[in-house]
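Structures are listed in the sections that come next.
After this come two complexes, each holding chain A, first together with chain B and then together with chain C.
Our next item is the complex of A and B:
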């Protein structure tokens, strides 16, 4: 099973639900990796809804595992993208063209959900029309507070900023605008003294 | 009185000093010998003559040097000043509030002439004399919030009010106690306070928000907050923590009185008239412990507060590692005598330190 029960957390962190079919003027679905399972669950509940859906899917490490199943669910459009960055322009286009009453389904990693949510809200899709479900990796997207660079798929704490190279710990603080946690230098007061990294939620 | 402005620095050689006048008017934040979070909100309607509460926007001997330090921070990192697009009107509200109040409270330092929307602003300490069109951004060298807060001590968070919440949608933040405007911009009241320990569970933020949502125009409020800072460093930002953090390890019993500072924020809250936004000025005052203990009551009390502070708070405020060293120093100034209630120095009635 690709679901994960997050421990009780801070006020700034988003919480996720379970996708369910909702009537709407358009059905837009976006998922990465195991997020596909959440979309397939919607398709199983309401195959007719799936046949009207525009699905954008980023397989990441799952390769071809879910692509055939998604295709078999027979969505109106299935676009498979190699990365979130690669499909950002398409998302922009699809979200902007969404009619009043369109329903948006976001499923998969926190990084994907957070970025797509920020983009959709910025474009003007109302929050009440957006459902989210976390699936798969519990990796976090982290912004380095020092250089402002964002490191994707952070699984350990502390970690090294992929931009400036500082050793960062992940502060329990999340920005919806950036769709990222805050990373802060861990050895500022004792340079070089970096504790061993631990796996998240281990 | 005429203020003698200091020529001093808040970085590198740290020439910042408080005069005897500045020490006696320091906003000591502890009204009793212990401290715990509370909403501690009161009306901001003046205070004893000469105190930091007397004027709406206090100007003191550090004014010119603090503004110079702010300009340095902004040159290095322009993201310290940001305003989301819908906040420009609140910026004009803020510019008006500060110009009107400062010209009324300090007529010898600031002048404002208004002829319809043609305004002339004279800031004598900073040698500024600008004429501009009120509400016309193109007539000022910066946006209205940035323009006026480059000339006003203290950080500024400008909060939009909607959905029964407050949203951090604009700000000028260069003298902060370790929080990032760039990260927090766009967050609501509960989100930007998320990292603060204990207070959520105590319901402090719910009560504070309820109070703030009801602040009315012409009826500002205030509270104090505090922390500890090694060296008189105004810019204790998370952005630069990898540079200044190491300074926290430079304390020794010999230099502690000079290097360790109590950092107090006078936070005020004003409703703005056109935008209905809430502006939240956060004014930072620093005092070296060796200066603070020249007020016997404050020396006694600070020792007791720091000694009895819960570990979570000392950790959050960033001085848990230095607490033993700080207590060694402060204990010399605590003879165990009782202290008078309230924050004032009470120099005439409190006994000198008994050795």
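Our next item is the complex of A and C:
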């Protein structure tokens, strides 16, 4: 199973729900990797809704595993993208053209959900029209608060910033604007004194 | 009264008959001071002393919200109503002094919206007149769809169309024109909010259509002031004050409590704001709920809105 129960945390940390079919003037679905399972669950509950959906899917490490299943669910449009960056223009276009009443379904990793959520809100899609469901990896998108560089798919804590090289402690403190957790230098006062890294949620 | 707002003392400076049904009244501060600014969509209670009866009816302010020199309301004459609009039309003259409540807004523009889609029916145009003036000064995007019975009864339509020819759309019943609601609500850009003010049927039509098209509730705004309905007289026991009062055929439960000196809370007096919500302690009979406020599960003997709702039965005890 690709679900994970996040332990309770501070108020700024995003929480996620379970996708469910909702009536709407348009149905827009975005998922990465195991997030496809959440979309397929919606399709199983409401096959008719899926046939009207515009699905954008980023397989990541799952390769072709879910693509055929998504295609078999017969969405109006299925676009498979190699990365989030590669589909941002499409997302911008689809979100901007979405009429009020459109429903947005985001499923998969926190990085994908957070970035798509920030983009949709910036375009004006109401928050209550956006459903989210976390699936798959618990890796985080982290901003180094010192150099402002963002490192994707962080799985260990502390980790080394991929931009400036500082050793960063991964906080639950989250920026919705940046769709990133905050990483803070862990050995600022005693350079080199870095505890051994552990896997997130291990 | 239990809201601690004082009254605004005003003088009537203009009474302008706009058509067979609607008359505009303009007020300035009796002491020559500026009136408080308000926000588009706000209403004020107008205190009317008609012989022994004192009425407090809400009317939408439709002057420029940022202009403190005067207020204006437009009143539709309702000969079948309880007499407030007829009193204003027939008795109130230029030079008369009146008391107004301070402006209260239960129908404000959501200024986070990217666009405001306004739907008006008949006299429901009045809050939009003020909102459009407000948006003119802030540059907000809006679109008005206004339905009226006839051209003559389409109050302010000419002025609005002259000022905003591309944004104001008029639909006349006697020309068989109807607002293409489903098409309108299916094609709005992200971030649009819809506002409706008009008769109950129109409000229900917009709420139902918006819901079916997936509009989130917080992007759908409505306002309908309800006049208290007349009905069978009934008796109420008030547990806190220990009084037993009779509500007459043509007065509301709230008015009856006030007549007996009971300090009951209120704000809009039109079933919209929730301020007068009152717990029911015991009852034997049927409620006639007329408000927009209570949840369905509260309507079965848990709560009542004394400003517009009534009771028919042998016993009613309220927590007041």
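Assume the second predicted complex is superposed on the first by the 202 of 202 C-alpha atoms of A that agree within 3 Å, B and C clash if a C-alpha of one lies under 4 Å from a C-alpha of the other, contacts with A are read in each partner's own complex, and residues count from 1 in each chain.
Following the convention adopted for this analysis, a contact is a pair of C-beta atoms (placed from the backbone, for glycine too) under 8 Å apart; a residue touches a chain by one contact, two chains touch by 3 or more.
Note that the structure is a prediction, hence the values are computed from the model and not measured.
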_Once chain A of both complexes is superposed, is A:174 in touch with chain B (first), chain C (second), both, or neither?_
first
*Between chain B (first) and chain C (second), which does A:23 come into contact with in this model arrangement: first, second, both, or neither?*
second
*Who does A:166 touch here: chain B (first), chain C (second), both, or neither?*
first
*Using the superposition on chain A described above, determine whether A:39 touches chain B (first), chain C (second), both, or neither.*
neither
_Tell me the contact category for A:191 with respect to chain B and chain C: first, second, both or neither._
first
*chain B versus chain C as contact partner of A:182, first or second or both or neither*: first
*Pick one for A:150: touches chain B only (first), chain C only (second), both, or neither.*
neither
*Figure out whether A:123 sits in contact with chain B (first) or chain C (second), or with both, or with neither.*
second
*Contact breadth on chain A, by residue count: chain C or chain B*: B
*Would you check which partner chain A:102 touches, where first means chain B only, second means chain C only, and both and neither mean what they say?*
second
*Kindly list the residues of chain A that each of chain B and chain C touches, one partner per complex.*
none
_Of chain B, residues touching chain A in the complex_ = 79, 180, 182-187, 190-195, 200, 238-246, 248-249, 321
*Contact footprint of chain C on chain A as seen in their complex*: 22-25, 95-96, 98-103, 120, 123-126, 128-129
_In the complex with chain A, residue positions of chain C that touch it_ = 114, 185-192, 194, 210, 212-219
_chain B contact footprint on chain A (complex, rising order)_ = 10-13, 143, 145-146, 148, 166, 171-178, 182, 184-185, 188-191
